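The chains carry the letters A, B, C and D, assigned in the order they are written, with residues numbered from 1 in each.
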């Protein structure tokens, strides 16, 4: 595994028309031990991310979106059962170990929702940013610091070398998240796993941080898996968006068509349930019931059926497959039948 | 239109006395001025939003209104009674409880983990109303029904309930005092989108049925639009804009309100880098 | 805070002994009846007729100058009596501290980092030894290592440094055994807790090698609670030393304090109590300083915040 | 053993460390059984004793087990088993008093400090900090020097010495509970401070209080036995486990270790039982909060 990782160390903006996908997740099922039994948290998840592409991953709490990112970065808790395959540049991620795994993790960087919990409080910013660079890429300390200051400048954190001497608690959440992004970019990864990086931030700060992330991602030709509960945010930032429900992917759609022409009733219902900033609805189109976790979902029927306005007998008879439709994917057996009736464009 | 510091001006002339009025509110924590010269007025059965980001002072205002913080200066009155100073007697404190109630953000810590919804509501009914058992039981059933819980849920402990269900309990408990004003302190912010819509609909129904006034503390402009008539935009403790919600959101006058409005993701939205590097405040805000 | 603690402590020590029942003259004279002139001399010398606060003030002032009064049973300066015993106690506490730091933290780290047999056996072993009081440890150690095996002397002080160490080994072990177990358990728990931190996940996600991860992100952070508990534990040995000294008939401060308490030699009780409380407070202060050095989020004096 | 660490498991303001033990159900059951037996003996022990535990008979000194005397005779020729059975009462009662007094007063200070916050908290906290300067055993030595040796002085001084530890841990827990929105909601409703504290705050930290008290019991037993061992606590010829070790210590070197060891074993067994049970309660209390 070390060869392809080493070869791609020299990161150039990836050719946009790269034929082979950068990351392929196929039939990923993950079970964790909970209350003495193995409970599924992901069920048959398949996604592909091409070099330089941004894929959004949207879902409510418990849908499995964070778990997907953790599975990709091999960060699952001990004792997790994993079926299916994850391939990075054609290589099986599950078979990696030791140096190979560490190099893979340098290629696939991760940023987290809570930057404060995810930075070591006793280490300085400089140490946090350059540790991987010095340890894994053998960059000398002074050079690593120089690059760190440069990268901080790029994410809009001024103050130069002085910043490197600060501790995490001296920075605000927004600043720390920028530091986190800068640190992730320093090892010149090819794929960024961003797990709700702006959820804990104020809206104006979110806008800033998203702009920075978007700019730098394009500049470095970086692919990104962007996890969020905000459908609109994902649609605005990502090329394609995948929607998860109860541990499954229910829809993958190019972002510009997601809002007006969704392929799954859940996506449409999610968009319709959200209040609109530009008009007051007499009544919001709430989805009845509550979101299910993967382990609560029935094994052999559509997990969304109990809450779905369009569900029929057939929906409860079998688990629908994720099927191709109009350039996207939908896990709804009535998807083609419902085309055009799901979007929110018509009532706007 | 942006008259910082003044009370929000309603479009229609108002003759009715406000249920809630605050003038010149100021709160200092040590050297930090959290709230600076804020005035507001809420009419019966109308709803006011207080919008801002972290550190704007919006939660401090809510806590001063319900009496959890004491204003450094300024006055607050609800239903004609002053509440700028701590209550002097138990009677006084309970009367204040029947004037203004609050629902907090986090449904997981808003309920005593050892109390079922029924017990929690019953405690409040006993506290405020000298009703016989039968009357209390009836009222309890009404409240549980009003917020859309079933009997089984009303008897389970909070840990068996979902976030949305807990928030319904918190609303029922607040309503048990039959307040004129309900403060919603980011009350739907922690909920999943599909649940948030249910609770927002519930809040709209309750207002229609009880003519309670809402003061919504929120950072979410879409929620504000959905639930309130007027809005007050706070930035670093000061009011930067106020007016009818639809007008402020459709045609914001203040530059901060515009930036806030522009930061909300929506179809076709692109994030923009606005601030120059390092201009954001460094230390974490309180 | 340090000074306030010490001032209040000294006041309590003085007030307590002042209030003690019994006539100080009778104590000074050893029960004999004295002529009035002698009584007067004694009253003058010990300020026995001065108001309470004045007496306290004299006593404190003298104590600060190293003058702790005179033992009524041995007719010697308390300072001299203390000086001749202090090294036994200091040596004992230091010896036990080293054992606690080396073996307590060592066992805790081993258990925290190596789940399985090492961990399980440490957990069981420490659960038992944490419950062994020093005086019980003392009789068992004497029985096994002095009586049965004859490796170490059962009682008494040594002559010369090496002999001292030999004589202090069993006492130090007795003193250390339960504290050592507690430090080991807390160390183990701290290591496990730090391993679960989110920032450790970050470091893993960035490909930091396991050894470096443990050293720089787990152990470094666990050092904070470990330092705290080890410091508090060691400070508490200062008082428990009395039990061990008594059990091993060591000529130390603690044993002397107990004897003096029994014979109501109050000047000695005051002097030794003051010294032990000071040592206890100073060690606790050192822990706070160390804590502030280890944790950048804490600045000295802001602990309560 | 030391008085310094009865409750160091959770120091407020410092990282909280759980004493992590995967105590099996078996260990828990065994602990509960040991405690139950010790309690029964403490209550009914004097009825079970076959001979007068205080009457010396030097002709029987150091005679080993036999003839219905399961543990033989001690330095003064008294039946060791009888002394153990009768001694259980003071050995268990002393710690119980210490635990009740220190936990009740400590809880009181903790709740008042957490509820009032501000100046009241500052005063209480500094007071506790000053009390910290007195290690338990030292305070007991001081107290017995003044009031004379005996269990009352020892128990009172240990209670005073333990109180600040209890108060410090519970103050942290009470402060966390105090800042919960449900408490604020009750305040806004107009409920009185005393009713919120008694009906909500204290019941919610009760599992922690009980766990704390259980762990403290073991420490109190050790410290009281140590004080009796020093000759400052329970006075001979009264039987007490600490006194018995002290009395029979000479037997260790003379080749009659059983009387001292038997008393030591009783202490260790009960202390282990309380520690294990306390840790399990503590873990459960922590888990219940999550």
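Note that in this section contacts are C-beta pairs under 8 Å (C-beta built on N, C-alpha and C of every residue); 3 or more make two chains touch, one makes a residue touch a chain.
Please read all numbers here as calculations on a predicted model, not as lab measurements.
Here C-D and B-D were compared by C-beta pairs in contact; the pair with more is C-D. In this assembly, the C-alpha centroid of subunit C lies 20 Å from the C-alpha centroid of subunit D.
Between subunit B and subunit D the centroid-to-centroid distance comes to 48 Å (mean Cα coordinates, whole Å). For the pair subunit A and subunit D, the distance between C-alpha centroids works out to 53 Å. With centres set at the average Cα position, the gap from subunit A to subunit B is 33 Å.
Multi-chain contact residues of subunit C (touching two or more other chains): 224. Within subunit A, residues 169 each touch two or more of the remaining chains. Interchain contacts close the chains into one ring where each touches exactly two others, per the touch definition above. By the definition given earlier, chain contacts exist for A-B, A-C, B-D, C-D.
Subunit B meets subunit D in the complex at residues 66-68, 87, 90, 93-98, 100-102, 104-106, 109-115, 123-124, 127-128, 170, 173-174, 177.
Those residues of subunit A that touch subunit B in the shared complex are 60-61, 153, 156-159, 169-175, 202-208, 210-212, 214-215, 229-233, 235-237, 259-260, 269-270, 273-281, 283-288, 290-291, 307.
Residues 1, 4-6, 8-9, 12-13, 16-17, 19-21, 123, 127-128, 130-136, 139-140, 142-143, 146-147, 154, 177-179, 182, 185-186, 188-190, 192-193, 224-225, 228-229, 232-233, 235-240, 242-243, 246-247, 257-258, 260-262, 264, 266, 269, 273, 276-277, 280-281, 284, 291, 303-305 of subunit C are the ones that touch subunit D when the two sit in their complex.
By the touch rule above, subunit D contacts subunit B in their complex via residues 180-182, 184-185, 187-192, 199-200, 203-204, 288.
Those residues of subunit B that touch subunit A in the shared complex are 53-54, 162, 164, 192-198, 200-201, 204, 219, 221-223, 225-226, 245-246, 249-250, 259-278, 280-285.
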